[in-house]
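Shared between the two complexes below is chain A, which has chain B as its partner in the first and chain C in the second.
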Partner chain A sequence: MFPELNNLLNTTPDRAEQGKLTLLCDAKTDGSFLVHHFLSFYLKANCKVCFVALIQSFSHYNIVGQKLGVSLTTARERGQLVFLEGLKSSVDVFFRAQEEPHPLQFLREANAETLQPLYEFVREALKPVDSGEAAWRYPVLLVDDLSVLLSLGVGVVAVLDFVHYCRATVCWELKGNMVALVHDSVDTEDEENDVLLNGLSHQSHLILRAEGLATGFCRDVHGQLTILWRRALRTTAQREQILTYQYKIQDKNVSFFARGMSPAVL
Partner chain B sequence: MAAVPTCGTGAGGTGPLAAATSKNNVTSFQRKGSRASGTDSGGSRLVSIAGTRPSVRNGQLLVSTGLPALDQLLGGGIAVGTVLLIEEDKYNIYSPLLFKYFLAEGIISRHSLLVASAKEDPANILQELPAPFLDDNCKKEFDEDACNHKTPEPNIEMKIAWRYQLLPKMEAGPVSSSRFGHYYDVSKRIPQELIEASRWHGFFLPEKLSSSLEVEPCSLAHGYLKLLKFIQSIIYEEGFDGSNPQKKQKNILRIGIQNLGSPLWGDDICCTENCSNSHSLTKFLYVLRGLLRTSLSVCVITVPSHLIQNKAVIARVTNLSDTVVGLESFIGSEKETNPLYKDYHGLIHIRQIPRLNNLTCDVSDVKDLGFKLKRKQFTIEVYRDYPESWLKAESTRKMFTCLGLCFVDYTKAFTCVDHNKLWITLRRVRIPEHLTVFMQTCIDQGAVV
Partner chain C sequence: MLDSLLALGGLVLLRDSVECEGRSLLKALIKKSALCGEQVHILGCEVSEEEFREGYDSDINSRLVYHNLFRDPLNWSKNGKAFPEGPLGALRALCRRTDPGPVTVALDSLSWLLLHLPCTILCQTLHALSHRSSCPDSSSSMERVRVLGLLHEELHGPGPVGALSSLAQVEVTLSGMLSQTSANILYRRPRQRPTHQTQCFSILPDFSLNLQGMSTLESQPHPDPPTTQADPTAHLTFNLRLSEKEKEAKDSLTLPFQFSSEKQQALLCSGPGQATSCIFYEPDAYDDLDHEDPDDDLDI
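Moving on, here comes the complex of A and B:
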């Protein structure tokens, strides 16, 4: 996790809020550093994490996680991390007929109507264990990323239903958190993606949006991060709070600064 | 509903399942030297594969694209287990060259090849590969080549426009006999004995389609489905993914797929905007990447993206590939007669570079890249558009007249500065209030000025 981002979000692993949906979106840049942040954050907070990783392989997250101070292999062996590796499983699902429904069953279907097997997998992974062993603090579901489900033939309504079911189970029933990454297709007219992004923006409590600079590539400022907190309806006195920072990604850390205050400029 | 989810061998199981599932864990993403993850003993053998080298940044195993200049732009080469997508130029003249460079590099480095095409027989494609430059002849060939073109780069040292001299130069000739990245002569064909000594598999769609179609529909165009099954069978039988007990492979499989997405594969995304099955190509790329990540292979695909009418599909295809390079040729466009580009045949755009095992990636600082097909070689150079003002500055220097210049990139400065501080500064400097308010409302409300 990045200590500076924790300061900006005003959280620490010990006293993070529960029952929240956090939406990560990126536009014209790669927002995967936010996924690495939240993965290491929740593992350090001693939570049970279910990570649906559809984009990269396990070793990629593991190596970056080691730079950020968590070991995914140890977490997996201890039972703290349940990792669904999309790329590897897709080969199994696609080429070998499975007897029982597989979470990535939709790959074999022409037009996947539902993501229920995936939801069942998540629910099974995060259900509280009654044996009284070392209890984890609360469950967390991390999805990287939801836009790729649209590319794989799943309808946008099915994806929204999946998010809704997961939120009901993880956030409300189990008092855990959920974090999902969606790409923002700014000028590519991807209507399904826009529907998904709008739908999730309304449901989420915290939105982190990473954008590339409007003027293009810059060596010292890699992009701009907008943080948006949404308040519940009861407290309408407090309006939505929006903060914008610029960031630079380094080898093991990401540094954040106010706009125009990049160390390279000063 | 079963109590325990069965996720095949891939999903992260809990507890004792984890140990059992790690048997198929041969990936190319292994850190050199630190094998803390305890995977099988593939770590030591990866270093000794011919034609590969570890990346400087993250120890990732890299192979050459066949063009050392392109390797330099991509951060050293293509990582094993990834896909390089080449967006074809408009008339498909230059992208087949990059494709052939990649295959020729595979033959010289003694890698296995898998060539797939719906248009041309792979055997014919291999016959047309360029011949490698041999070290003793190379110097003579390059000198000859240089004399034929007038050198536009002045050797005069620039005193004012000195920043242009600091721009990186691309490697144009063979440095010495290196085992990673070779130079090829496009005017000659590769010797027949090299092709015969190499191990290659061809996939020519018209031949494969003649056999009966399997019944199982899964929304992939049948060309893609057959190709995926072919690739998977080669990877398994030749042992590139380590799961075949009889075969222990210590080599890389180079997969080249030409014109993916064209109607010849049975896909209609290049024909209409609202195609019946727009997920065919994206699903294919996803499963292909899954195959590559779990084996010692690398793939180069050329896609006629200028024909794809649905922009959303292009964006999805880009997101699903690791490295994306686009070629833009000047033929038939107004840039052909533009004096700025007179030395080049087109532009090359590095659209995406993957971040593998790392938070950052090696993005090249240079964005203005042009390519030129010379008589014997395809070169990539930083194109220098000397603005008129810089040349004027150099000429005034020679005439010993005084000249003061200041260059500020206002657009970049504007985005990087906090706007509130700008308004405060304008007010402090006593700009009339109505002008400041006008500018502030324009910018804050997002009006385009």
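Moving on, here comes the complex of A and C:
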């Protein structure tokens, strides 16, 4: 996890809020550093994490996690982390007996109308274990990412239903948290992706949006992060708080600074 | 006026966006209905019952009947607790209710229903819901049920939004930045022209409406506020019109290349005041002077 991002979000692993959906989105840049941040954050917070990783392999996340101070291998071995490696297990869909439902069953179907098997996998992974003492604090679901499901042929309503059911189970029933990454198709007009992004924005409590700079690539400033807390209208504080920072990704850390205040230009 | 939205029956459409959420306004209108002594039925699809009831005190909560479509709307858990006929069945069950007295139905949200049901069926069901007849055998006219629907307008194309908009008696579009929220209210009263108002408001922590400034524009469904056009002929650096003297001077001016009879006379006879001019030429040895007139053969 990145300590500076924790400061900006005003949170630490010990006193994070529960029952929240956090939406990560990126536009014209790679927002996966936010996924690595939340993965290491919740592992350090001693939460039970279910990670639906559809983009990269386990070893990729493990290598980055080690730079951030967590070992995914250890977490998986002691039962803290349930890891669905999409790239590897997608092949199992074709070599399994068809009666057994696979989380990525939708890959076999021409028009995937439902992601219920994937939801059942998540529910099974995060259900509280009756072992007398609570080993982990609260469950967390991490999805990287949801846009690839649209590319794989799943309808946008099916993806929204999957997020709805995960939210109902993980956030409401189990009082856990959910973090999902969605890409924003700014230049390509992808209507389904826009519906997915807007639909999730309405349901989220916190939206982190990473954008590339409008002027292009820069060596010292890699992009801009917008943090949006969606609060109800009725709070006496500011209705919505929007903060914008620029960031630079280093080897083991990400540094944040106010716009125009990069150390390289000061 | 925002607080007289509930005076009309029929469908009240609340259109919100990611920047300006509308659930708080929906809850504020529900509170107003409940305080008038009505029963309020809520079809909750997007948030849990606890989250929806949060912020209401107990006597308002006692008037709210929450139909829970959040927990298991599509019957995935198959434990018998979900609505057997799905979202459409739940909506139709609201139509078949037989409670007496005025009632308000809140749909949270219409967007969720529109994503899961065909638009035509949803519109037909909404129409049946808002024009419900309480007793088919009584001679009284149809009871008007008030329906509040929350719609996230970025999620749908113009077709479905337009269809729902045409069903609505009142349409409230929320906009605003940070602390200033405004509602653009469009009233469609039967046999009258649509009227439009804009009202700024805020919602207090107990879901009471705090109304602020208001402006009214009649008969314009999508108005721009009429701005007074600046007079383009003011403050010019040149004249657009001529005075009489200037007109005479202009008319009497002879143009330099216009061949009038005066000019012809002036050319043919050289005037008395003109100085005669002579050219003196000294031919040198190589000049070939021809004393014939080269224009002799011209017939002038």
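Here is the rule we go by: the second predicted complex is superposed on the first by the 252 of 266 C-alpha atoms of A that agree within 3 Å, B and C clash if a C-alpha of one lies under 4 Å from a C-alpha of the other, contacts with A are read in each partner's own complex, and residues count from 1 in each chain.
As a working rule, contacts are C-beta pairs under 8 Å (C-beta built on N, C-alpha and C of every residue); 3 or more make two chains touch, one makes a residue touch a chain.
Since this is a predicted model, take the numbers as computed values, not measurements.
S.K.: With everything superposed onto chain A, say whether chain B and chain C fit together or clash.
M.R.: Partners fit side by side after overlay.
S.K.: May I ask you to decide whether A:79 touches chain B, chain C, both, or neither, giving the answer as first, second, both or neither?
M.R.: So A:79 only meets chain B here.
S.K.: Counting only touches as set out at the top, which of chain B and chain C does A:202 meet: first, second, both, neither?
M.R.: Only chain C is touched by A:202; chain B is not.
S.K.: Taking the superposition on A as described, I'd like to know which of chain B and chain C A:36 touches: first, second, both or neither.
M.R.: After superposition on chain A, A:36 lies in contact with chain B alone.
S.K.: After lining up the shared chain so the two structures overlap, which partner does A:103 touch, if you call chain B first and chain C second: first, second, both or neither?
M.R.: first
S.K.: Pick one for A:172: touches chain B only (first), chain C only (second), both, or neither.
M.R.: Only chain C is touched by A:172; chain B is not.
S.K.: Have a look and say if chain B or chain C is in touch with more residues of chain A.
M.R.: B
S.K.: Tell me the contact category for A:14 with respect to chain B and chain C: first, second, both or neither.
M.R.: neither
S.K.: After superposing the two complexes on chain A, what is the shortest C-alpha distance between chain B and chain C, in Å?
M.R.: Here the least C-alpha separation of chain B and chain C stands at 10 Å.
S.K.: Under the touch definition given earlier, write down the residues of chain A that touch chain B in their complex.
M.R.: 30, 32-33, 36, 51, 56-60, 62-64, 66-67, 73, 76-77, 79, 81-96, 98-100, 102-103, 107-111, 120-121, 124-125, 147-148, 150-153, 183, 185, 187-193, 213-219, 221, 246, 249-252, 254, 258-262, 265
S.K.: Would you mind writing out the residues of chain B in touch with chain A in their complex?
M.R.: Against chain A, the touching part of chain B is residues 1-12, 14-15, 18, 24, 27, 29-31, 36-38, 58, 217-219, 228-229, 232, 279, 282-283, 286-287, 289-291, 293-294, 311-312, 314-316, 319-320, 355-360, 363, 365, 367, 411-412, 414-418, 421.
S.K.: Provide the residue numbers of chain C that touch chain A in the complex, in ascending order.
M.R.: Spelled out, the residues of chain C in touch with chain A are 18-19, 21, 23-25, 28, 46, 48, 50-51, 55, 70-74, 76, 111, 115-116, 152, 154-155, 178-179, 181, 202-205, 207.
S.K.: Which stretch or stretches of chain A touch chain C in the complex?
M.R.: The touching residues are 114, 116, 119, 157, 160-161, 164-165, 168, 172, 194-195, 198-199, 201-203, 230, 232-236, 238-240.
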